[in-house]
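Here's the structure we're looking at; comments come further down.
The letters A, B and C name the chains in turn, as written, and every chain counts its residues from 1.
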Amino acid sequence: MANITRLDSNARLSRVVIHGDTVYVAGITSSVKGDIVEQTRDVFRQIDGYLAAAGSDKHHLLTAQIWLKDITADFAGMNSVWAEWAPKEALPTRATGEVKLAAPDLLVEVIVSAAKK
Amino acid sequence: MANITRLDSNARLSRVVIHGDTVYVAGITSSVKGDIVEQTRDVFRQIDGYLAAAGSDKHHLLTAQIWLKDITADFAGMNSVWAEWAPKEALPTRATGEVKLAAPDLLVEVIVSAAKK
Amino acid sequence: MANITRLDSNARLSRVVIHGDTVYVAGITSSVKGDIVEQTRDVFRQIDGYLAAAGSDKHHLLTAQIWLKDITADFAGMNSVWAEWAPKEALPTRATGEVKLAAPDLLVEVIVSAAKK
């Protein structure tokens, strides 16, 4: 029988799905308006919370996708926050690309997979 | 030894790959011409079939990526079909972004992972 | 305790993360300047090396995402290299979309998951 746990489900999606010892987090966008640094900080703050709720943390990240509305303007700003947040001794794989998001104010959306501790 | 099963392989790719108890489905676009509602319905119809062939179903979805050619025009239409299709009690994580697809008629492409039942 | 191995980590990310018997490779772009054929060849050459280092190979691919800067111009060229490289008897699932990348010279970025042998 499949071993699936879902957290923070709304009418459309779950923020976290845990299957076996893998944790899926997707579609995380900023809950505050702001520039790329403010939005990226808010996204990683949320991801820290989701990973904690799932029995994981940023030291157990496996892979990340970072979607930026404007990669030319915002790659450096996103990376400055990533450099503060991502643990140097436990870096995931990462792909970053320019992808327009569902609302015009959104500058960044992040998808990660992590392992349970 | 790796436990991998591939289904519906053509000359370029497989539509379904099963590894252990995880099912990967990717690159699903509409087989019919039509607007975003018609194309999204056809994509989910295909995904239902692929999941069934893999011993899974939409109640065991883990995560989804939805790529739209025009997110401004088609986000609402895609979501209307998603709301009919995705099971409220078993929602996956989901990220939706604007990504131009391989043929000009294609409005939506979907990638999902699911668990075997 | 999580069973995670990371390979080829730089200051920002790891090129390979292994969790259990799943291998994640992401963010692979060409290390040489060139057209889509040259860049795609270089990307798959790197991926072959990363998979080998992880105890996998292209016959154990599970899923791939291929991001092209210009899908109209470069889909055919990328596919010509894919056809040479991807093993016909062991094709992964695959999604290909147009995603602008972090540097203007980059035409293609590839993300794959694979199983350990």
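Going forward, a contact is a pair of C-beta atoms (placed from the backbone, for glycine too) under 8 Å apart; a residue touches a chain by one contact, two chains touch by 3 or more.
Since we're looking at a predicted model, the values are computed, not measured.
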Answer with same or different: of all residue numbers used at the interface between chain A and chain B, are over half used by both copies?
different
In degrees and to the nearest 5, what turn takes the CA positions of chain A onto those of chain C?
120
Roughly how far is chain A from chain B, centre to centre by C-alpha average, rounded to an integer in Å?
21
Two or more other chains are touched by the chain A residues 65, 99
With touch defined as at the start, can you tell me which chain C residues reach chain B in the complex?
21-22, 60, 62-65, 71, 75, 79, 82-83, 86, 88, 90-99, 113, 115-117
Would you tell me which residues of chain A are touching chain B in their complex?
1-4, 6, 9-17, 19-20, 24-27, 65, 67, 99-102, 109, 111
